[in-house]
Structures are given as C-alpha cells and as structure tokens.
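This is the structure I want to talk about, given as structure tokens.
Order of writing sets the labels: A, B, C and D. Residues in every chain begin at 1.
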Amino acid sequence: MNIDVGLFNYWVVVILMVAGLYTVISKGHLIKKIIGLNIFQVSVFMMYITMGKVEDGTAPIFSETAVAYSNPLNSVLILTAIVVGVATTAVGLALAVRIHEAYGTLDESEIIEMDGGE
Amino acid sequence: MPELINIALLTFLVVISVVIIRAKDVFTAVMLSGIFSLLCAGLFTVMDAVDVAFTEAAVGAGVSTVLMLAALSMTTSQEKERPTNWGALVVAVLTGALLVYGTLDMPKYGDPAAPVHTHEQVAKRYVETSLVEIDVPNMVTSLLASYRGFDTLGETTVVLTACIGVLLLLGGRRREEDEHEGS
Amino acid sequence: MSATVLIVLSMFMPLVAGLVLRAFDKEPNIRDGFSLLVAVGTFACVCSLTPMVMAGERPAFQLLEMLPGLSLAFEIEPLGMLFALIASGLWIITTVYAIGYMRGHHESNQTRFFTCFAVAIGAAVGAAFSANLLTLFTCYELLSVSTFPLVAHHQSAESRKAGRIYLGILLTSSVLFFLPAIVWTWHLTGTTDFVAGGILMGKIPDAAVPLLLALFIFGAGKAAVMPLHRWLPAAMVAPTPVSALLHAVAVVKVGVFTVVKVVTYTFGTKLLTDTGGSVWLMYVASFTILASSVIALGKDNLKARLAYSTISQLSYIVLGAAFANELGIMGAGFHIAMHAMGKITLFFAAGALIVLVHKTEISDMAGIGRKMPWTMGAFFVGSLCIIGIPPTGGSWSKWYLLMSAADANVWLMGVLLISSLFSIGYLMPVVTTAFFKPLPPESDHDHHDDHHHEGSGNVEYDHILCVIPPVLTAAGCVLLFLFSDQLYALLEPVMAANR
Amino acid sequence: MIDHFPAIQVALPMIAAAVVVIVRNPLVSHLIATGVAWISAVIAWTLLQSVLASGPISYQLGGWAPPTGIEYYIDPLNAFVLFLVSGIAAVVFPFAGASVAAEVDENKHHLFYACLLLCLTGMLGITITGDAFNIFVFLEITSLSSYALIAMGRDRRALSASFNYLVLGTLGGTAILIGVGLLLMQTGTLNIADLHMRLEGAHAASKTVLVALAFLTVGSSLKIALFPLHAWLPNAYAHAPSAVTALIAATSTKVSLYVLMRFIFTLFGTAVVFDVFQLQRVLLPLAVIGMFVGSLVAIYQTNIKRMLAYSSLAQIGYMVLGISLVNESGLAGSIVHMFNHAVIKGGLFMVMAAVVLRTGSADLSAMRGLAKRMPLTYLGFVIGGLGLIGVPLTAGFISKWYLVLGAIQNGMWLIVAMILLSSLLAVIYVWRVVEVGFFEEPDPEAPEIKEAPLSMLIPTWIMLGASLFFGVMTDTTAGVALEAARQLMGAP
C-alpha cells in the first residue's frame, strides 16, 4: 500500500523546527534552550534524511536484491551534523553549569538583571 | 505501510515537542527530548538511513540525555514561570512559513527523479561505483571514509574542540568557585 | 641639490623635526634652538626652489601610489610656491616669537607645542606643493589633526570645548563635502590631478557645476566661508603664536588656497564663467565679508576681533576666486600673501600685549602705545595692510579685486568698498585707543611689577623676542608694496593659463 | 610540497592543537601556537602570490575530483582572507602570552592555546574550502572554540555572553545547514562551483532557492553580527579575555562576511541574488541602520572594549553596504575594508589588552591621563582611532574611498552622505578616549602604572603599523580587492 505523502513530511519537519525555535527564543531556563536547539537541529536532520529517501529504495548497502538505494550522501552529512550537534550541546551544558555556579540561577532574565541589564 | 508508520511517528514527534514546550520541569523536558530522539531514530530507519538512526539513538538519545541529566544534577531543573512570548512565536512561525513556502517547489517525497538522486558525479556515482572504487558494501562508510573523508576529519576535530572546551570550562573549577562568588 | 631633494626636504624636515623634538623634552634650550634651525632650513629649501618656478619649471615628485591610479604626488606651481614661501618664511619669525611668548607666559607642555607646530608646518608646505586633490586633502586633514593639540593646549574645560568645535567643524566639513567632491571628480574625469585650465570642462553637466563647487567650497571649511566660520573664533583660545601663524596664515590659507586651486586647476575659470557656476559664491562670500566685519566691530576682545576680521578677509580671496577672471585670481593670490603678512603682525602685537602687560580687551588698552611704541607701531602698519592703504601690500590686492569685480559684477565693488570702511572701523580704534587715550593711573602697574619679580630676570629677553617679530613683519608689509612686481611675475603664469 | 600547501594550511594548526593538548607545558604550547601561526601566514602569503600570478588553485582532497569529493578552491578573494586570518593570528598569538598569563589559570594554558589553534583551523577551513557543507563543519569548529575562549574572561558576564553567543551562533550555523540542504535538494551537489552552474538553469528563480538564499543570508548574518542580528557581539567582545577579543574581533566576523560573499557572488551569482531576488533591498537599509546604531551606541559606552565592539557593529555595516551597492568599486571597498578593519580593530583591542593588563579595567575613567603613563600604548590608540575614522594615510581611508566611489557610481547621494556622516560619529567616540588620555590628569592616588611589556607593545605596533602601511601601500590590499571584486562580479 502506497500513500502519496507528497510534501507532508517536510511540513511536519517545519512544524518541529518552529517548535524548537520557539523553545530557544522564549524559554528562560538555559538548559531548556539547549533542548530547543536540539529539537531544531534534529528536525533539520530529518529534512535531509527525508529528501534522501527513494521510493521503493533500501538502505544504501549493496545487496543482490535491492531495486534502488536511498541516497547515501544525506546520511553521511547528517552523521557529521549529529556529532556537531552533540558537541554543541556538551559545550552549552558546560557553560550552563558554570553560569549556575557564578550566578546561582539558570534563568535568563535573572541573569540579565544581575548583569546590570546589558 | 511504511508511509503510515512515517505519519504516525511524525505526529508523535509533534505532540512530544509541544509537551516539551509546556513542561514546567526541565527534568521532564530532558526525558522527553530523549524519547524525541529515539522516535527520530525510528523515523530514520523507516527512511532507509540506518546508520543515522543508529547514531541518533546512541548519541542523540543516549549521550545527550546523559549529559543533560548530569548538568541538571549540578544545577537546577526548576523553570521560572513566564508568560507566552508572542514575539518569539511570531518569529518562529514566520520562519516556518518561509520554509513552507520553500517546500512548494520541492520534489515530492521519495521521488527517484529528484536532482539529489540523479547528479551523475555525486549520488549516482556513489551508488553505482563506490563498490568498485572503495570496495566496501556500505556506501555510507565509503563516503565517510573516502569521498567525503575530510568532513569526517572535521567532525573529529569538532569532537576534539568540544572536549577541550568542556575541559577549559569545567576542569579544576573547584578552586575558582570562591572567586566567582565575589565577582 | 636636485629639485626632488629640495621638495622632500621642505616637507619632511618639519615633520621629522617634530618627532626629533620630543627627545629634547628636558632640554628646552636645545629644543628651541633646534626648532629655529629647522625653520631656517625649511625656508632655505623653499627659497631655493623659487628661481626654478619663476623660470617656468614645475618641479615634481611622486611619493607613492596611494590608491591604484591615484598617487601622493607633489608638483610646484606658482600659487603653491607663493603659499609655501609665506608659510615657511613666517615660521622662522613665529618660532622666535613663540620662544619668547611660551617662556614669558610660563606655558606647560612646550615640547608638545613645538612638535605639533612643526608637523603643522610640514603639512601646510605639503598642501602647497600637492599635485592632485587627494594629496591636498591628505595634507589638509593632517593639518587639522596636528593643530588640534595646539588649540586644546591649555587643557582647560574651555580650551577642550574649543578644540572640539575646531576639530568637529573642520573634520565634518572636509569629510562630508570635500571627500565626496574629490571622489565625484575622480568618477567624472578619472583623475584628480591639478591641470592648468581645469579638468572638468566637457565632463560635467552644467547644472552640476555649482553643486560640485559648493562641495569644494564648504568642504574646505578652513576657508571659513559662512556658515562654517565658527571654528576660527573658537580656536583663539590657543596660545597666540598659534593664532598668529596657524589661524592667520597656515591653516586658513590652506582653506582659501584650496578654493583658488580648485577654481583654477580643477574647474578652470572658463567653465565657471561659461556656466555661471560661481555666481552664488560671489554672494555668499560678499555676505561673509560684510557680516563678519559687523561682528568684528562689536568685539572688545582683541583676538576675537582679529579672528572675525580674518573671516572677512578670507572671503575676499574666495570672492576673487568666485569672480573667476584673470584679475580675480591675481587679486586672490596677492591677498593670500598680503593678508598673511598683515594679520600675523596684528596677532604678534596682540600676543605681546598679553605676555608683557596682560591686556586682552581693547577697552583696557588706553595709552598702551606710549609704553610699547614699537609693538603698537607695528600694529598700525599691519592695520593699514589689512585695510588696503598704501604704502602697504594690501593696497595691491584690494586694487586687483576691485578691478576684477568691475569685470565680473559691478555691484560687488560696493561690497568691497563698504567692507574697507568697516575694516577701518574695527582696526583704527585700537590704534587710537593705544596712542591717544591717556594711560589709566597705576591700575595694572603692580601686576606688571609682580611679573618682573617672578619672571626670573628673563623679562627683557622675552620682551625683545616678542617685539622684534611684529616689527619685522610690519616691515614686510611695506616691502610687499614695493616689490609687488616680483609677486606679479611669479603669479603671471596662473593668469596666463586661465586666459 | 607547495602543491600540498592548501591541505597543510588547514591541517597544520589542526594537528598542532592536538599536539599542544598532549604537551601540556604552557610555555611550549605558546611557542608551538606562535610558530604554527607564523608558518600559516607564510603559506597563505605563498598561496596568495601563486593565485595572483597563475590563477585559481583547485586542490582535491583524497584525490576525488569535485563534485564527487571535497575540493579546496582558492581564488584571489579567499587567498586574501586566508592571508588576513593567518596574518592576524601570527601577530596576536605571540602577543597573547602576557595577557593570557594574567587572565587565565596556568594549568589551563595549554588547553587555551589548543583552542586558539582550533579557532584558527576552523577559520582557515571555512575560507579555503569549495564545498558548502564543509563550510558548515568548519564553521562549527570555529564557533565551539570561540564559545570556550570567550567564556575564559575573568568576569562572570563572560559566561553569559558566551552562552548567548552559543545559542545565536548555533541558530546561525543551523540556518546555514538548512540553506545548504535546500540547495542540495534542488541540485544534488554540494560543490560551490557546481552549485552555481546548476542554479543558472531552470531552478534559478524557484521558491526553494529563494528560501535557501534567505537562510544562508540570515545564517551568515548572525555570525557577521549584522544589525539586527548582533545581540551576541557587544558582550562577547567586552568580556572575553583581551587577547581573544583581539583575535575574534579581527577575524571571526570577517570570515563570516567572506562566507556571505561566497554564497552571494560565487554560489548564487549576482544575476540570481540581485536581479531576481533583489537582496540588496534588504541588505542596504540594514547596513545603513547598523552603521548608525553601532556608532551612536558606541558614543555612550563607558567600557572601551564595549565601545569598540559597537564600533565593530558599525564597521560591519560598511562592509555589508559595499556588497549591497552591487558594483565593483563598492565590493572592492567591502573587501578591502574587511582587511583594513581587521588590522585596525585588532590593533585597538590589543591596545586595550595592554591597558587592561596594567590598570585592570577597560573603563574610560581608568584611562585618565594614561597617555603620560603609557605613551606608546596610548599613541597606538590614537593611530588606530584615526584609522577607524578613516583619516587619509590610514587604511580606513582607502576603504571609505571605494565605498563612496561605489555609491557615487550608483548615483546614491544619500548613501554617500550616510557613509560619511557615520564615519564622523567615529570621531566622537574615538576623540572622547583621546581627550581623557591626553588632556586629563591621572588620578593622583592611583598606583603607579608602567608602560606595557615589550611582548605586547611590539605586536601591537606591528598591527597598527600595518594599518598605516596599508593606508599608503595599497597594492596588496586595494589591488587584490579590486581584482577579487572584478572576478566576483563576473568579469572575465
């Protein structure tokens, strides 16, 4: 059974991006911002993978039975991007820990207030 | 059939993302983001990206979640109440609208004739000749190791950078604590 | 010595000397002696270039290429020669005067003073020799920046405020108008070189001529055409040697020099007369002449009065350029020299009054002429030169300007005549007050005596150093009258090129 | 050997970073970092000369011809930027010693230098590569190391500034990732030259390409700190360790600007960007607003590092303005200003590093009468300040000349006035500092302040000397910029 999903995938991906972006901008808790960043990035990954899919294709590993392969390039790019994402998360979290030590809070507006509004 | 799984997973993801936004406790949000990553991994498998799915499950759902939990244990998981930030919503939705506009000229999902699959020297070449040129059945591995090996080197450097960064930030910080209290 | 070496020496000797002077911070005698030596050397270099220029040569020298196709280059033509002669010649006298003034007045930061002074002269000579607009602009800006510390010399709140006005107006006008005018010229013609007869003919739409001219005139804020004149009275907080040489000679003359240069070598007088592009400027200059004369009449502070007089006299030169005919250019060139000699005399005298008897207000100067006959005598001769009465040089320049006005715009002859009356009105009362009003009894005498005691016996020496210069320059005013044919011969080629 | 210079250019600092981590000794780390920066600069200079003499260099990594594999593609533009980045690093790295010793814990020095090297690696990688995705990877290397470096500032505000930068920087990086993805979807390739070829065809005006352009522009603008996406910059510059500010302020935004140029001119091409999508209509107003907002806010700052940061915002406005004039002179102005501003601002931040080292503060009040105590350092500030204003004989004048010429060629007189007016605002904020240093007396109760150490003075003066040198000898800057602009605008 094949349903023509058309562009549906992309639209959902966009909704996820919006959710991630909103979390990053609007949430005060620094770690929650990082979660938002993650959601944003993962949805971008999904966009790449979605475009790499070929109808009736299989995973890009050579086999005798395959009719078509999905695009390996997209997978490779996203493998790299995932690592980059987690690296950013790690540095961000380390910063959050230090900020909590220095300010005693992780709330963005409180930190801005303690910095004298700069 | 895979399309149905696809739609179901995507719907789930949207629901989870909304719950994450609304979660009062960051701990909950962290756990949910782990689940989010796992579902993504599932989705990647459906879309034939098994290597990515594996990495996402290990790194996105595993490592990231552990790191976040560790960070939370050192800080606080309570989030201050904030009114809905309409400005942020507008920015985010506008960005989304722009992207949706951009999708209108995109090739359909799974279209084998899409340019991304038909470039003679890129995707087609990888699929058709990598077994001969590199002699590894997994095309993703061939790409990672050879055709785009330099990205992989860059990726390794990113990890190195992150490690150094975290060490710089957190290494031997016990001694400094007093100083920072004072500043 | 070859011409190139001489050009380089006359510009860079002052610049380098300025830096070397810093090393003698602790040795004021060596420092001041060295300053004087460099001044004499510079003048000698400039002088030895003069015969070549008189003979029709145009010594040139390209320093370096600043932008692809645009260089920092120098070429000496008669106007620049004249200006360089005035600036470097008067520098010697001013240095002598400054030594006396700065010591007599117990000024602090004297090393900075002499350093910046030397750099400013280097910049002025560079501007005089510049072969293209870009070089002129560069020297113009260098002059603005190097004279700022001189204006703000006293470091008091007042002088810092004056410094801000000074630099603010000069930089703003030059960057906002002068620079785009140059870039526009470059865009239109592909060159910024000074070429006898102009470069813009046929390259610029007629309607744009007044606009471009306006950018140049107001860009050269140092010419103090109203409404960009405010910096000049503000700059009077500087020590008097600065007012004398820089704000009566070097700085302001760079402004009007730019105007004359642009009219003769960038536009060409023919373009201006054909299109009528400079008519508006005649009226603006006339207004400036009259308005600032009126203001000068109302000033009691002598330096302020002289400052407004300068604004008025500068616009004579601008007016001569605006007439854009042979006699106008000749008159403008003449007046650059005559006004320099006359005005520096007046400022020297005013400074001598400040140092020796602590007088700044004209109303306090009753009878001072009897105590200081040489100083006030020089002041009188200088006044004649500014007003334009024989036997002083000023009469020649006024004459040429009048003749030029008769050709270009008869009505403006009236402006020239009326303003001469005004200048009699604001200069002569100083002389009459000094000579014919009785000395008030004993009022400031005590103070003067105090000065004698604390002045560590140097007073006589200061006295001489402050009095000789105005007498010398007053003599210069008369000499310029007698030897005006030399000046005419020098400037003749400029007229010929614009015939 | 010379054939492999492109690869060595990036690989050398990368390997050196790993070595430095292992070595652990602060002094040796510093020496290695300095040496590597010098070698990098020499390599970049060689590459630049070779590109100018014999045309663009294409280097295939792993031996796979593009677009199958990743390509390094060096033309006059990025050869120039490579030289800029490595040249600045070569001056700042030796300079960093004294400042880092005072501001960073000694047991972290080796990590700090490793981070500096990685930052350099990333910037060189971004600049040299001819592959759109590769840009993203190296951009993240630069970003991650910058976050860590900025957070090393002594003040706790460095931490929040760094976090802020991390969030916005990641958004910017991800936006670039989205843009690259959309282009990949439309063309199937990641190689910039190949992308350009394929975009010229039917896809040129598609909605997807437009959105890709939008995301690439926004992504790089975030990194450039183009108004109104500049929120991260002032605090990051103000609170980072002084040596880091000098390096990042001089190079990081410039490299991002290079990326924007590369996207606009090489990837999409002027026809698509300016004729079809009219990007200049967005960039031009933003650039002008940025010029004024930056300068006006700078006037009211009391922390001089912050003041210089806002001044950077204004200068970035100039550079983007040059791009949006869409002619050779404007673009040349933009490119040459990239270089000149890097040298000038680098020098100024180095001066501030010396001031912070000696007085412990970057506040205006701490600089009272400082010209007497630290004459050479303070004279440096004057030279740099004059360059910032764009006085003739300084590098800043050259850039202004081309920008004004570009605007006049388009007949945009209002823009001419804007460029000049905003450069006059620079006079105000620079002069404030000059006046305080020269015309106010030092606080009599303040402890005696010595001139900065030679290890700082010499590099600072090399940098400021360069700003004078390149103000009069313009063959290497304006000459190359004109050539690069000519090629970018599509002249044969």
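Brief remarks on what is shown
FYI, a residue touches a chain if its C-beta (ideal position, glycine included) is under 8 Å from a C-beta of that chain, and two chains touch if they have at least 3 such contacts.
Please read these numbers as outputs of a predicted model, since none were measured by experiment.
Note on connectivity: the fewest chain-to-chain touch steps from subunit A to subunit C number 2. The greater number of contacting C-beta pairs, out of the two interfaces C-D and B-D, is seen for B-D. In this assembly, the C-alpha centroid of subunit C lies 44 Å from the C-alpha centroid of subunit D. Subunit A and subunit D have centres, each the mean of its CA atoms, that are 28 Å apart.
Centre-to-centre spacing of subunit B and subunit C amounts to 72 Å, using the average Cα coordinate of each chain. In subunit B, 99, 103-104, 106-107, 114, 116-117, 122-123, 126, 148, 151, 154-155, 158, 161-162, 165, 169, 180, 183 are the positions where the chain touches two or more neighbouring chains simultaneously. Along subunit D, residues 133, 137, 140, 144, 147-148, 151, 156, 178, 184-185, 190 each make contact with two or more other chains.
Contacts from subunit C toward subunit D in the complex involve residues 64-68, 72, 134, 137-138, 141-142, 145, 149, 152, 155, 160, 163-164, 167-168, 171-172, 175-176, 179-180, 183-184, 186-187. The touching residues of subunit D, when paired with subunit B in their complex, are 14, 17-18, 21, 61-62, 64-65, 67-70, 105, 107-108, 111-112, 114-115, 118, 121-122, 125, 133-134, 137-138, 140-141, 144-145, 147-148, 151-152, 154-156, 178, 182, 184-190, 194, 198, 206-212, 214. Subunit B meets subunit D in the complex at residues 98-99, 101-107, 114-119, 121-123, 125-126, 146-151, 153-155, 157-158, 160-162, 164-165, 167-169, 171-172, 176, 180, 183. In the complex of the two chains, the subunit D residues touching subunit C come out as 386, 389-393, 398, 400-401, 404-405, 408-409, 416-417, 420-421, 423-424, 427, 431, 435, 438-440, 471-475, 478-479, 482.
Across the complex, subunit B meets subunit A through its residues 1, 3-4, 6-7, 10-11, 13-14, 17-18, 20-21, 26, 29-30, 33, 36-37, 40, 43-44, 47-52, 55-56, 59-60, 63-64, 67-68, 70-72, 74-77, 79-80, 82, 84-85, 87-89, 91-93, 95-96, 99-100, 103-104, 106-112, 114, 116-117, 122-123, 126-127, 130-131, 137-140, 142-144, 148, 151-152, 154-155, 158-159, 161-162, 165-166, 169-170, 173, 177, 180, 183.
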